[in-house]
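Each of the next two complexes has subunit A plus one other chain: subunit B in the first, subunit C in the second.
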Partner chain A sequence: MTVPQPDAAQAFTIEAFQNPYLAPGSDRVDAIVCVTASGTAAPSARPLLLGFVIDNSGSMHGPRIEAVRRAVETAIRLLDERAGFFVVAFNGYARVVVPPARATEDVKRRALAALQDVLANDGTAMSTGLAAARSLFARSPEAIGQCIFLTDGRNESESASEVELELRRCAGLFTCDCWGVGTSWQVGEVQEIARGLLGKASLIPEPAGIEAAFQDAVGKAQSKSMKNVRFRVWTPASAEVISFKQVSPTIEDFTARAGQVGPQVREYDTGSWGPGEARDYQVALRVRAGGVGDQMLAARPSLVFVGPDGAEVEVRAPAARVLASWTADETLSSRLDSTVAHYNGQDELAAAIQQGLEAREQGNEAAATTLLGRAVQLAHESGNADMTTRLKKVVDVVDPSAGTVLLKKSVSKVATMDLELESTTTRRARRPGGEGR
Partner chain B sequence: MTQPTAGLVCPNGHPSEESDYCSVCGAPMPGTAAPAPPAAPASPDSAAATAQTCPSCGTPRADASARFCEVCRYDYQTQAPGPPPVVVESAPPAPGPAAPPAPGPAAAPVPTGHAEWEVTIAVDPSLDSEPDPGTPPPPDVGDRIFPIDLPEMLVGRRDDAQHIRPEIPVIDPGVSRRHAHLLRLSQGRVAIVDLASANGTAVNGTGLVAGQRRELADGDVVTIGRWTRITVSRRGQVGA
Partner chain C sequence: MPGPSLFSEIAVCPLCGRAAAPGDRFCERDGTPLEDDPAVQVLAPAPDLAAATRRGRAHEVDEDAYALGRRERDGRPLHVLVVCDGVSASSHGEQASARAAEAALDTLLAAADAPGPLDPPGALRDAVRAAHQAACAPGIEAVPGKAASGTTIVAALVHAGGLDVAWVGDSRAYLVRPAAAQLLTHDHSWLNEVVESGELTAAEARRAPSAHALTRCLGPLENPDPGQPPEPSLAAVAVPFEGRLVLCSDGLWNGADAPEAIAALVAAAPATADARSLAVHLVRRGYASTGHDDVTAAVAFL
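Moving on to the complex of A and B:
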């Protein structure tokens, strides 16, 4: 390709927010690192390969499989000819309904005909659908692999370890967003697939909503221009990474997924990025405690990806440095940076919702009232209006600023599942320099 | 981007590949005038809040989330001045006029007739149905009197780590951090609402339903936790 590329080193801006001041003897450093992809990236040389992995078990029979046919039809109409796509249907086993091909008019027409032959029957074994997709994505290593996974039931025809094993095989080959239709599926099962493949799990209450969800997914998939972007963290020899989490747009704990690149360098796969995309990460480090006046670099975050010419590019920024500076001045060391504090609050919000829903499930109404009340308060304080709206479907809010709530007597399963799924969706921190989303 | 540079040695003697901070130990490299950490925390918001002082009486703000000045009750949210201070019957004789305001509403010196209600917090070991020798009631704690002088006052256990500083702090392991709200209603009425506390709230021996408001009358006794008795009383000769 001869498309002029913007300077690869400008592909991301990286900025750390923290209070660098520590009390003497203190060894814990917390920072939020905000990453924004350049908004002007030239169209990538990398083609998109979009895989549809569709549950066609018996429960999909009738309006659901009909709606899926329509939704896939709409989705592939939106694909431009540079992109490729395929369709896999799975129940107890998987079949390639439409093999990978460029999205030309001819291929789209043949795909639609093939979709008419997909019948809904038999059980559900999700790993089979993922395995088929993996083999197809593996044939196109140069493409940006994005997968749309749809189910409506429990993964009843295999053990959970099958999925876990398959997810490890798929990791790095493609990313996957998941949708569950109706309320007979298990949030945990579908969320595990989305998490393992750096995507998001969402709920579609009625089959009619599948079309809109797929349309959004195609738009998002076609916006990606970089794949396998890795967040790299250098630390001093004496330091260790306690935790590494994505905190915006959703909370995802990446700590256990660290790849050790060198004795002092770890990398975390963040998947595919599109121009202008922004994500925030939370880094917690333990360093060797210093004395008053000591100063050190506690971490050097950077982003690494393979450029269009096949060479690895590392993007660094002076503003991304995470520092530690020990001082006897307690007014300095006791301050909490507002960005760090914001995400601590969003973390607590997610935990309060999850534990509150669990307590309600177990019939512990007092604990559920307290926890969901705390969630309402945190959502209110941080301006997370979407979360407040979702919480109001589960509790009656007496006083949002005090967190006083009453549990609703009857709550729809859709509202509960949706709240659980979205509990980790955060509001982005307002930045001193600019407005967050 | 920092270029790998040959021959650099950090103050701790490590050969460094970086010119700003040592690539082994992270120490600032000499000669490169290691940038000092920002003079203030990265966020001006938190700095401003920490440094804030009450515009009404000059007391430093307890923390950024504290809504009211802890001395004069100035409201940071609505920027309304606090209520005129009230006298408390058990207070010592008013100090001289030049004395600075002492913290806490109970010691505020100037008499006016603003709060119509007050609560008396007492430690009553006889309430403790299952005394635990490991956590005895605090000895020799006198009754504490708080005027109900805010629209909403939190009764609970103070927890600095979680920034929970109730207007009416109670020392009692059976009391939740956010236990109940005392509410000042219109027309001089007051009420209490249990905030889904762990061990509940009783008024005159009857347990409250969490979240439901219960209006209080003169002489009502609220019991919470293991030994805390709260007596509600209307102040004499006040208001219309």
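Moving on to the complex of A and C:
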């Protein structure tokens, strides 16, 4: 039973952007829904449980495992005593190096001693590390579970299906950001783990960078105040959801992860949120086609979470509706909403980069030049300066507005891996008539 | 499902009867607007008299027309209701229907305002004559490839002694009483002719492509001579009666042919509904069930 709570109902602001006008007979409705968590959320009644899941396979030997020890030391020093943490190390199998405990000075000290005993050897079976973390997170269902996963190599000691199966078991228990050190790891493998657990995969070129990455991760983890926040979509009985994607800060396709709550209600787990956090979602619907003058509420977005007192809270915004209104006026129905258009462009940008890098990998230089040129053009048009910077490490830009580029003769592996990993990081849409966010 | 309460702000969908979410104005099942549907044109001169129309999906303009009038006579309310449906294959059917409805209304109100006893059948014949004249008057542009202009008409006069109806074509009048409903009119249609002559069974005729063809209408399509109106059919019901009088175009009865079906649509409206919301309800239900043709309903509470 959903019980509306006056203060919890302010936990999020929800806005919908779309062109509601459709030509007669049209049945496709596109909208962007922007969600912002309240910046002044009450201090969370939920404790943080931070799990470090560290690869200690043979390739981590030497400077890498030493850098990890330093990074974990720095990270746990930042944790306040209300938070809990644990450390799991995995190679061909997983061990709990530091069992879950509150981050007291004493526990931190003992944890550092235990880390000294972690040796780097043997192969890599990532699912074992995740499975160990899962069993530890499962003991604290009230906590906000955040995981920091670090590897440096291929998942060579098990089949891909092991990870896939384990990710399904972990889903909903904790979220996980992933890092790969160096360039010997597989982007797809690490990305699969991050995606499956609603996190992000990133590259750390040199071991020295691990410390800063973990510091950032702890700051982000400690900012979370709500967990298992679900994006709920009500649609008319006659409508279907074609796709549901997160489009900011990164593009993640959630379509296949829909939970069917009722015949007309679907939910998508969005993980943990912190105060002031903003994310945008893209909803595409197929509705029963209307005639001129017909109107329809095509979707009603809302956010649902379990409040500190255990009651489910649904945050609705009466103004955040996705509407369909059929008109014979083509100047109305042919208009593309600027926010919808912006994310269509960011979607195309990500696809152009991924396909461009693949073409380059396969030696198809003509296709790579065209696709990466288009990417440069789209990044330029949308003001995605970070992406332009990353693209410039792979291509020489001749004319950004025309998308004219030349492939660089020699490109570092770090640059291509980083570009591939960050290709889905979008620039947030400007609000119509307002400032960019 | 609990009925709507004066103390509740929860609206109920006129189409499916579902309660909307609190404070919302869309149906929880279909997402359709609960009220103020911008596509429905409504006229409601009194709580017990209203008409509504909505253009069909297949049409660029609504070719239906309605006209309503209300008078006090002999200490009781007198209602005039007219519904006309312009023939789609004819030139500017929407102009023929609008002219016919207005002319019929004017004639019936003039009769109601005249001193002396009221002659309802005579007034209705005069109204049909005036409607034909108006539809034949110059000014309706011929559309290449289309026949001369034509329209149906159904007109009702509700007076102290009963109610009288006249019609030409397939626009209908239903009397929905608390106990039973009846169809007062009998379409001037190819379907009725072949069934009555025994040529085809009703089921066979309904499947035929010309099932909807009219055998009589108003305007130059029927007879370009304004002085030669078609013969209307007449029906009358004497007092006492209570219930709802519903005049409609085929856009409504195509999806609810039998009197019981129309009665069911009326019964599905909220019990507290006035004539305005009943007319809107009928039109929206008619549109939802078929939708390709224009839908018009004129309603009087008896």
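Annotations for the structure displayed:
Quick note on the criterion: the second predicted complex is superposed on the first by the 429 of 437 C-alpha atoms of A that agree within 3 Å, B and C clash if a C-alpha of one lies under 4 Å from a C-alpha of the other, contacts with A are read in each partner's own complex, and residues count from 1 in each chain.
Keep in mind that, in the parts below, a contact is a pair of C-beta atoms (placed from the backbone, for glycine too) under 8 Å apart; a residue touches a chain by one contact, two chains touch by 3 or more.
The structure presented is a predicted model; accordingly, all values stated were derived computationally and were not measured.
Steric overlap between subunit B and subunit C is present once the structures are superposed on subunit A. Once the two complexes are overlaid on the shared chain, A:292 sits against subunit C while remaining clear of subunit B.
In the superposed model, A:337 makes contact with subunit B only, not with subunit C. Contact with subunit C, but none with subunit B, is seen for A:24 once the two complexes are overlaid on the shared chain.
Applying the stated contact rule after C-alpha superposition, one finds that A:46 touches neither subunit B nor subunit C.
Once the two complexes are laid over each other on the shared chain, residue contacts for A:239 go to subunit B and to subunit C alike. Considering which of subunit B and subunit C touches more of subunit A, the answer is B.
Across the superposed pair, subunit B and subunit C both touch subunit A at residues 235-239, 264, 287, 295-298, 300, 318, 321.
Interface of subunit C with subunit A (complex): residues 21, 23-24, 26-33, 37-39, 54-57, 60, 291.
Contact residues on subunit A toward subunit B in their complex (touch as defined above): 9, 16-21, 234-239, 264, 287, 295-298, 300, 314, 316, 318, 321, 323, 325, 331-332, 335-339, 341, 366, 369-370, 373, 381, 398-399, 402-406, 432. Listed in rising order, the residues of subunit A touching subunit C in the complex are 24, 235-239, 264, 287, 291-298, 300, 318, 321, 324, 328. Interface residues of subunit B, counted against subunit A in their complex, comprise 1-2, 20-28, 34-38, 41-47, 50, 65, 152, 154, 176, 178, 181, 193, 195-196, 198, 210-211.
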